[in-house]
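Working notes, beginning with the structure itself.
Chain lettering (A, B and C) follows the sequence in which the chains are written, and residue indices restart at 1 in each chain.
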Amino acid sequence: MKLICDSLTCERGGRRVFENVTFQISSGEALIVRGPNGVGKSSLLRVIAGLVAVRSGKMALEGGIEDRTVPEHCHYFGHLDALKPSLTALENLSFWRSFYEPVELAGFSSDATLGASEALETLEIGHTAHLPAAFLSAGQRRRLSLARLLVVPRPIWIMDEPSSALDAASERTLLGLMASHINGGGIIIAATHLPLDLPNTKYLEFSRGDGRDDEGLAEDYDGFGDSGDFL
Amino acid sequence: MTLYDLANPTRFLSLVERIMPWLIGATVLALATGLYMAFFYAPEDYQQGVTVRIMFVHVPSAWLALLCYAMMAGSSIGTLVWKHPLADVSAKAAAPLGAAFTFLALFSGSIWAKPMWGTWWVWDARLTSFLVLFIMYLGIIALWRTMDDPIKAAKANAILTLVGVINLPIIKFSVDWWNTLHQPASVFRTDGPALHSSILVPLLVMAGAFTLFFIMMHLMFMRNEIYARRIRAMRMRAASAAQPHANVTAQIREV
Amino acid sequence: MNWMTALFVREFKIAARVGGGALIGVLFFLAVVTVFPFGVGPDLKMLARIGAAVLWIGALLATLLGLDRLFQADREDGTLDLLLMSGRPPELIVLVKCAAHWAATGLPLVISAPVLALFVNLEPTAIGAVTLTLLVGTPALTLIGAVGAGVTVSLRRGGVLLSILVIPLAIPVLIFGVSAATAAVGGPTPFLTPLLYLCAISLFALVLGPVAAGAALRVASD
């Protein structure tokens, strides 16, 4: 399996966020997206997750399931926990387990065949299983959200600042899970400004220019869509 | 010039600049002719007297109210299917025009109703349908105005407009049905005896004049909207020059 | 568990548990029906004549009440992103969410309608007719409302706008619903004609609502 992103360009609200981002990543590799805040790391992840439309560029997955889009191979672990406070931790997690379409691929052996309760135990929040999510602390909510990745097998994990709100012990657990996902033939694309110690890591560095030579970029930057001549 | 060339706003604007004087001239001429005919050529009604002349504003307005919605629906398809940026602009420009024509149809209907039926408003099937249409136009305008991002606003509005256009016949049908239920004797018939040419001709001229007026205003509104978006783009550019968001480079590095 | 069942059960639980759930809608329905006699006077004959309309307008307003949160809550907590990536068709997701929303908020309105009908002095036939028309018609209101909820999903305060957008589209439902209910106790038309029109509109909304709202959710994610 290989994810190929070719000259991705992204605009949000008419604002050019980044352009011509090109990379490839194969099974058993991690891609860490690094750079200062507000530079478009999250936008790149959301583009790959299909949540923000690309303005131009191509994204393809080799060796995936034929009639599925790239986002349908992915788990997205973002800033929002997607938890319903009125449901218990177990109800929250079991829902995703029965709702999400799993992706089984040759060459990708995931340990994401855990039951919901086992996943909670793995993340050491088993004791909260029958508590409404409203009662969970920020770290516990984060771990509950992470548990979703363990109960549905999907080969690509897209993670936006995965270690935020986690204590040191949970962060070690997280790194262990990420490492075993990679070793099992999965792909991880993570944005972070903290160092993450993972095997087989590539880095994608986002850097901000000095602001003087951005004329060429702004030239066809019109806030409009496809036609470049409004300015 | 193909439709594809028109996708280019600059070319579109220069085309608008070229045809605008002719369009204004034609509109003024048609409107003057139409009004002259409406006042001096068309006869008075033997029952309604001079008030029948309101028809020469009322009917063309009603026709334009529907044409504007058709224009928005066509543009909405352009937005959703071809993602044509000018389609967004066209849909947005047509909404206030449609609302204005619908209002004019309601208003002229109302001042016509007063001498005819002795009341400012009757829940006549056609007036009621136009009232519903008016609310739909205002809803669409409100949705345009509440969404900041023009691209997302265009898509949301396109979906709403198309749902509206699918529902309009159902609304019209149900209102007609409701009206016959409560008011069996129809007070206003369009399928009556054929209009005499002394009325029909001025009516057609006025309808033509209104259509020209609509095209002129629509192009002007589109031009304004393009300028508004340019201003928006320039402001954004100014903001990002101070804090260079745009100039992001991404490099892949194997470690 | 099948994914659609799972979604239905979850949505139903959330709708029933949050903010008083079904009760709040019924309470609102009661409040609307109660203010009518204060507005038009307590003449029982007149109330019997307009009773079906009062119940229908109450049900329409009560349905609109909770619709703005239908997708907005999911968008705010990140659930919508995950739903769109799930590999399940957005149209079906909308349909299941609407079904759960109706079961949690629309169905209680239908069930409480016979009781509220007593306040407006409806005779037994009319009570049955209005309840039946509400049962057939309120799903259409929810489904049409879903379109409004879809196009206003990214607006922080979309509730009022949603009502403005949805009410014109809901007029046919109201017309045929009230007509059928009044026709049942004598009127210019037979009972069946408007009822069948109402069924047709509900079936049509069953297709149009999910397709349009699904499209709106797709373009709204950002």
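One rule holds for everything that comes next: contacts are C-beta pairs under 8 Å (C-beta built on N, C-alpha and C of every residue); 3 or more make two chains touch, one makes a residue touch a chain.
Only a predicted model underlies this, so the values are computations on that prediction, with no experimental measurement involved.
Visitor: What is the touch distance from subunit A to subunit B, in steps?
Guide: Each step joins two touching chains, and the minimum needed here is 1.
Visitor: Find the most central chain, measuring centrality by the gap between its CA centroid and the centroid of all protein CA atoms shown.
Guide: Checking distances from each chain centre to the full centroid gives C.
Visitor: Farthest from subunit A by Cα centre, which chain is it? Let me know.
Guide: For subunit A, the chain whose C-alpha mean is farthest off is B.
Visitor: Starting from the mean Cα coordinates of subunit A and subunit B, work out the distance between those two points in Å.
Guide: 45
Visitor: Could you put a whole-Å number on the gap between the CA centroids of subunit A and subunit C?
Guide: Inter-chain centre distance comes to 37 Å.
Visitor: How many Å are there between the centre of subunit B and the centre of subunit C, using C-alpha atoms for each centre?
Guide: Measuring from centre to centre gives 31 Å for this pair.
Visitor: Where does subunit B touch two or more other chains at once, residue-wise?
Guide: As it turns out, subunit B has residues touching two or more other chains at 149.
Visitor: Indicate the residues of subunit C shared as contacts by at least two other chains.
Guide: 222
Visitor: Which positions in subunit A touch two or more other chains at once?
Guide: Residues 13.
Visitor: Over in the complex, which subunit A residues touch subunit B? Could you list them?
Guide: Residue positions touching the partner: 13-23, 35, 38-40, 44, 201-211, 213-214, 217-218, 221-227, 229-231.
Visitor: Considering only the defined contacts, which subunit B positions touch subunit C in the complex?
Guide: Subunit B reaches subunit C through residues 80, 132-133, 135-136, 138-139, 142-143, 146-147, 149, 152, 155-157, 159-160, 162-164, 166-167, 170-171, 173-175, 177-178, 181, 184.
Visitor: Give every residue of subunit C touching subunit A within the complex, in rising order.
Guide: These residues of subunit C touch subunit A: 1-3, 5-7, 10, 13-14, 17-18, 76-79, 81-82, 84-88, 221-222.
Visitor: Which residues of subunit A touch subunit C in their complex?
Guide: Interface residues on subunit A, with respect to subunit C: 12-13, 46, 49-52, 68, 71-72, 74, 76, 78-84, 86-87, 91, 94-96, 98-101, 148.
Visitor: For subunit B, which residues are in contact with subunit A within the complex?
Guide: Within the complex, subunit B contacts subunit A at residues 7-11, 83, 85-86, 88, 148-151, 226, 229-230, 232-234, 236-237, 240-255.
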